[in-house]
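Order of writing sets the chain letters: A, B, C and D. Residues in each chain are counted from 1.
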Amino acid sequence: MSLKVVIIGGGSSYTPEIIEGFIERYERVPISEIVLVDIEAGAKKLAIVEALSKRMIEKSGYPIHVRSSFNRQHALENADFVTTQIRVGGLEAREKDERIPLEHGLVGQETNGAGGIFKAFRTIPVLLEIADDIHRICPQAWMINFTNPAGIVTEALLHHSLHKKVIGVCNIPFNMKTGIAEMFSCPVEQVEIEFMGMNHFVFGKRVFIRGEDRTNEALAKLTADNVHYSPANIVSLGWSKEFVRALQLLPNPYHMYYFQTEDVLKRDLAAFKEHGTRAQIVKQVEESLFVTYENPALAEKPKELEQRGGAYYSEAACNLVESLYTNKQDIQTVNTRNNGSIRDLPDDAVVEINAVITKEGPRPLAVGNIPLQVKGIISQMKAFEQLVIKASLSGDYDDAYNALVMNPLVADEKKATAILDKLLEAHKDHLPQFYRKGVVSQ
Amino acid sequence: MSLKVVIIGGGSSYTPEIIEGFIERYERVPISEIVLVDIEAGAKKLAIVEALSKRMIEKSGYPIHVRSSFNRQHALENADFVTTQIRVGGLEAREKDERIPLEHGLVGQETNGAGGIFKAFRTIPVLLEIADDIHRICPQAWMINFTNPAGIVTEALLHHSLHKKVIGVCNIPFNMKTGIAEMFSCPVEQVEIEFMGMNHFVFGKRVFIRGEDRTNEALAKLTADNVHYSPANIVSLGWSKEFVRALQLLPNPYHMYYFQTEDVLKRDLAAFKEHGTRAQIVKQVEESLFVTYENPALAEKPKELEQRGGAYYSEAACNLVESLYTNKQDIQTVNTRNNGSIRDLPDDAVVEINAVITKEGPRPLAVGNIPLQVKGIISQMKAFEQLVIKASLSGDYDDAYNALVMNPLVADEKKATAILDKLLEAHKDHLPQFYRKGVVSQ
Amino acid sequence: MSLKVVIIGGGSSYTPEIIEGFIERYERVPISEIVLVDIEAGAKKLAIVEALSKRMIEKSGYPIHVRSSFNRQHALENADFVTTQIRVGGLEAREKDERIPLEHGLVGQETNGAGGIFKAFRTIPVLLEIADDIHRICPQAWMINFTNPAGIVTEALLHHSLHKKVIGVCNIPFNMKTGIAEMFSCPVEQVEIEFMGMNHFVFGKRVFIRGEDRTNEALAKLTADNVHYSPANIVSLGWSKEFVRALQLLPNPYHMYYFQTEDVLKRDLAAFKEHGTRAQIVKQVEESLFVTYENPALAEKPKELEQRGGAYYSEAACNLVESLYTNKQDIQTVNTRNNGSIRDLPDDAVVEINAVITKEGPRPLAVGNIPLQVKGIISQMKAFEQLVIKASLSGDYDDAYNALVMNPLVADEKKATAILDKLLEAHKDHLPQFYRKGVVSQ
Amino acid sequence: MSLKVVIIGGGSSYTPEIIEGFIERYERVPISEIVLVDIEAGAKKLAIVEALSKRMIEKSGYPIHVRSSFNRQHALENADFVTTQIRVGGLEAREKDERIPLEHGLVGQETNGAGGIFKAFRTIPVLLEIADDIHRICPQAWMINFTNPAGIVTEALLHHSLHKKVIGVCNIPFNMKTGIAEMFSCPVEQVEIEFMGMNHFVFGKRVFIRGEDRTNEALAKLTADNVHYSPANIVSLGWSKEFVRALQLLPNPYHMYYFQTEDVLKRDLAAFKEHGTRAQIVKQVEESLFVTYENPALAEKPKELEQRGGAYYSEAACNLVESLYTNKQDIQTVNTRNNGSIRDLPDDAVVEINAVITKEGPRPLAVGNIPLQVKGIISQMKAFEQLVIKASLSGDYDDAYNALVMNPLVADEKKATAILDKLLEAHKDHLPQFYRKGVVSQ
């Protein structure tokens, strides 16, 4: 059997990483065709990535055929796996998501707070169209999404698309395992973390080294050694001993937005004044990356890519493809239907959880009840996510308002109005659902 | 049959209101004996209230015998109803609950945020002792608690005391109904609000006038008319049209702490600088009230009492006594075991809910699922309440830390430590559970 | 305001009882128009009932206008209350429901076992049409159903019709209260039973006399005094002391089918041999009743009607109408959406439960968890009911098979097939959903 | 590291199988010591098994030390794994469990109906003592129970013993996989069945061959080929096409007691008349087995053992030991805490479920909701199991009555009394909890 992979958002700077992943796994996952799909506005980047990918594969010697396409429907024919890594509105939109909240004294971040909400509003309708295409054209294909906010997006797809073979992935769980491996000076393969929660709001409940529960030790090391396991694009402010000891859980780097809000905001505002938004910095990094990619002598994933925040996203995606294809039944951390695995969340909620990966998809491992200390905040974040999805689809002003006012990083009835109005206006071109009659209906 | 009522905290300035309530209901609720119980430190106030109560009853002509006592156990013998309205540590403690958070830039309030948490820490162990006494000495008696935080306290009692005949009451639901009655220019008896949530975090889901659902009208009036239905001690900042329209629920005045945090804090800090804490103001009001009470010509509840924040607390308690005694089966809003009435909260959680009041206690009316827009925040507040109860009993530093850091008005890992240390030290004398070995164990 | 009532199945022998109920309540419930609706096949009975109803009203002196109609849609215009008491297929169909199971050695009864399942299959589609008519023509009207199986039917309507103002009633709860009143020699108004379960599978959890819990006494009297509180059409075999003592609950008469199956079957088979089915006996009773009704001198509900099994059905319906209209807020036992009131059953399941009856409908009183001893059997019966509803709508052979094989009175994989085939054939004319292609699809 | 295993009930005829299992796995599971523990009454059998075990190990050449002991506490010191395979009251008790119900016209079987209930009553208190010993003496040890009724027993242990490292195993799931492997002509290692339910009441929800969902095919083959996958001691009567097609699930052989009750009873009564109870037959088989075991030339598990009903029980236990020790993370079917994996059952219920076996124990794979067609019956059986556990510990007559009357194979209020009285009397010596005051208290 030979496999066909379609990469939606193929012009992304991350694509060389996923190409590398498929080359490394070729003996176990015999891919014969990869189609890089993008929109015409990204034609230049797509061409650069396509050329680099071809050089990488040529160097590998494997008979994988790579091509690019602007015609998504056509590309999807006979696909076995479809990955989605898109950015609706590009870095310009991200820049607004970050800047406008900061200008109102609120966290301005790509996947959290008001910025994350609007990223979801722009992204969900587009990914729903893609999922519906997949369901119609290649219903046998697995859709592997790593577009952020990955958890919310996956839940929207599973609830509102007929295509049910959808899995969301994120690099945070893998990065956390890498951090723990460093702490314990052991290979990352020997580390298991029992994850529980939602994407970017996941906690590590237990830490195992070679199968043995070493949670307490890990928690102690976390503050003692001041080990940093943050992904590259988030400079953690470190956690206090009191917080980690009382929580008895491994936080993830994004938790700083919720429990160090004031300090983070201060830092981000200072950085904003000095360097502009994170989007603007990323833009420069991207430009520089594409200069590197263009070098016809380059035939491998360049080192610089690893310093980009999303490193290992593709690793996670490739591992998933391998286990789905080979029925490997190993344990991976994915965003999938809860199905009872986290008792206190709805059955049909999407959670970030360890699952056995089989040919028929992920089967989550039951972790039981959420520990009381985070039960409340996790329940709130899940309900918030559902408000975001509701508004993404309804395009209703009040639904959007509820999502904002119930987000712990907004939580202010007047700021919610102010920022909602500004962001709706700023993203007007990418939010058709809110402008059905030309104006936002209130 | 003749009834005996014991009022724990009988020296409270609110006592004349409850005495008045019993006089008004005498024909239906034949009370023959009222014992006012207090601690010896409150001897002077107790004597003043006892004398005033006697004058009030003498004027009424009813054969009710009133006396005071420092001996709680003795007083409880043969009691039919026991009301509890105590303030562990007095207004001095309240002053600290309000001041210390404000000094850290956080909401400093008697029943919300850090202040409310410490009020619970001081109060729960004392009320548990009282409930255990009741269970031993007069197990047939109903314990009616209006000590704040009334919801948390009632849940602590129902979970940790053997005495299960405990009901918590608050004046907020009654005040909200009064506000609605004003809006609709009708008697308060014709108003029903379907309440759902927890004490001081309750929402009105539906508003009925003479049995007809008039919710939409009520929500519109709320912002249109700028009607204020806040209790006297909380000056509401008013709600925006956007908030009320999107929520589709009646908020209660205390919600301003959660959705207008910055404005409230600004206002409270200004007031604090000018007048000191609310506790200090209340202290003056109390002193002035007791001067009034001492007047031997006074034989009725003085008008001034109604301007005190807690007005109608006693009204709620007296209504409850009447319906319990007469098996009236009317609908009242109480704090009682959820028992499934709010589907998304645990069975054994205490909720503020409409219930039919029967001789055998309240039977809550099922309201089903919490609307999505507040499902998250209500779930979080309930989990937070459970963290408070856990820490109140364990006296464990980490448990207390979790309660603080998971409260939306704290929600900062470093401030939680700072404020916890300060408040533990400030309230040392009233928190023996945290000082078992002389120092707080960490 | 004047009210219009439509009685679907107006030619029923029970109609004089409901007419009497409306006359008695006229001062509180000013009905100006009653339309008796039936199908043309029932023209003769309808005419007799209409004439009797007119004589009864004339005698009362109240200005109520009665008329009959075969045109349901027309009759429904401007209706305020619609009652439904129909029998799809008439007593001939009932005769088959009773006879065929008995011939296979299984309980043959109108509302339990295979017979009850087929009654549901025939009835649900017809009542759904009626509910949809109501929703379209008189959406403000309450539909009060007492067609059996009343609980299953009400759930089917609430799940599958847009009309949500539907309440199911049954006379069993009222009859059980009457039985308890006899036991305690008190008026039935002083009795309250806390009901919990489903129609014809309801248990009494607690018994209150004048608000006091007298459950233990009631249970003791039940077997000690050998009191019979069965409805007229079910001759109870009595309960053993062991059963009642261990259960700690009040069973209802229909429970004999489940816990005295062998004895009941023996008795029913003997009666069947001697007198034929119950349907045949009822047919004779009906004929005799109608002879009585035809007497032009008769202007009141005849005594004989009370001996018919369904006595007090109409009483329950009239009480409901009164409380809905007057917002009486008294407690009645109805079939309504669970909404969390019985914790172990789904939210949207229909349960038989005590509810406060308001202008906006019933609000059930939360009873919490089902006692362990009946939790299993109640859960099973509810799941069984849902299988019945599923098959009623799908017309799928396998769905119908599942309903039969999972019913405790069938529970045999081979008998399920045999009896299913026989009953499908016997009721062919009234089960169009199973014969879409002319034959039953398997 | 070297491991110590204690086999409680070491004199069992099954022991040679488990010894063989440990020999086969020695390279991966280095056991250095095995202690066979039994009661003195079983001294003779214990000696025979010990001698055979020694010969088997000698032949293997591995340095495993085997010894026997009557002193359980002493034997448990430093144990790593403890298996429990006991029969309280021996085959004499089993004979009564089978005979007495049959004499009342009810299913008389070792693990189902009245017989299974009494087996639980006798077994649970003894196994609780053993678990408590383990917790005190070797708390690090895993207790692997294959004493029947294995699911009920495991739940009793997990709820009522402090020792939480308890796993229940059964051979039925393995046998069902073997049956499927035969159907698909593939090695059993390539078969996975998604199990869901409780021990002896488990269903196969999905069937996978090499990771691919082949459920529909398996269901079709089940009735088409008339394949028998029953364990040796249960001669299945076969399933009808209608049953399997409507259920859409793989039944297990014990389901015949519930859905073919009448036929099974007829067959068992006939066998009873001709050959006596199954216990009596087993007794002869056992005697013959022990004659074989005594042969000093025998140094391997004799073929005859495989024909005994419990074959593969030890296989399941040995697989479990291996995966627990090596952190193998393979999927096995075990009886363990539900923890949300089957949504409709309580968190703390013990279920039979697929789980990843890690060094820290089993982690069940979430299967979500129970399909509607068996949701009711599974819920009932779980509630029934909980009634059995309650009565096992309370020794209360009414609790025992509830367990009997709510079992679908009894379900008769009078028979429940008759059979309960008979069985309590018959098993008097092994039911001390019911005879605390010398007589059964009612």
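For the reader, a short list of remarks on this structure follows.
Here, a residue touches a chain if its C-beta (ideal position, glycine included) is under 8 Å from a C-beta of that chain, and two chains touch if they have at least 3 such contacts.
A quick map from chain label to UniProt name: A, B, C, D = 6-phospho-beta-glucosidase.
It should be emphasised that the depicted structure is a prediction, and the values quoted were computed from it without experimental measurement.
With contact taken as defined at the outset, there is no chain that touches chain A (6-phospho-beta-glucosidase) as well as chain D (6-phospho-beta-glucosidase). The minimal number of chain-to-chain contact steps leading from chain B (6-phospho-beta-glucosidase) to chain C (6-phospho-beta-glucosidase) is 1. Work out the mean CA point of chain A (6-phospho-beta-glucosidase) and of chain C (6-phospho-beta-glucosidase), and you get 55 Å between them.
Taking each chain's centre as the mean of its C-alpha atoms, chain C (6-phospho-beta-glucosidase) lies 45 Å from chain D (6-phospho-beta-glucosidase). Residues of chain C (6-phospho-beta-glucosidase) in contact with two or more other chains: none.
Taken pair by pair, the chains that touch are A-B, A-D, B-C, C-D. By the touch criterion stated above, chain B (6-phospho-beta-glucosidase) contacts chain C (6-phospho-beta-glucosidase) in their complex at residues 206, 208, 210-213, 327, 329-331, 337-343, 347, 356, 358-360, 363-369.
Interface residues of chain D (6-phospho-beta-glucosidase) facing chain C (6-phospho-beta-glucosidase) in the complex, by the touch rule stated above, are 239-240, 242-243, 245-247, 258-263, 372-377, 379-384, 386-387, 390, 397-399, 401-402, 405-406, 408, 411-417.
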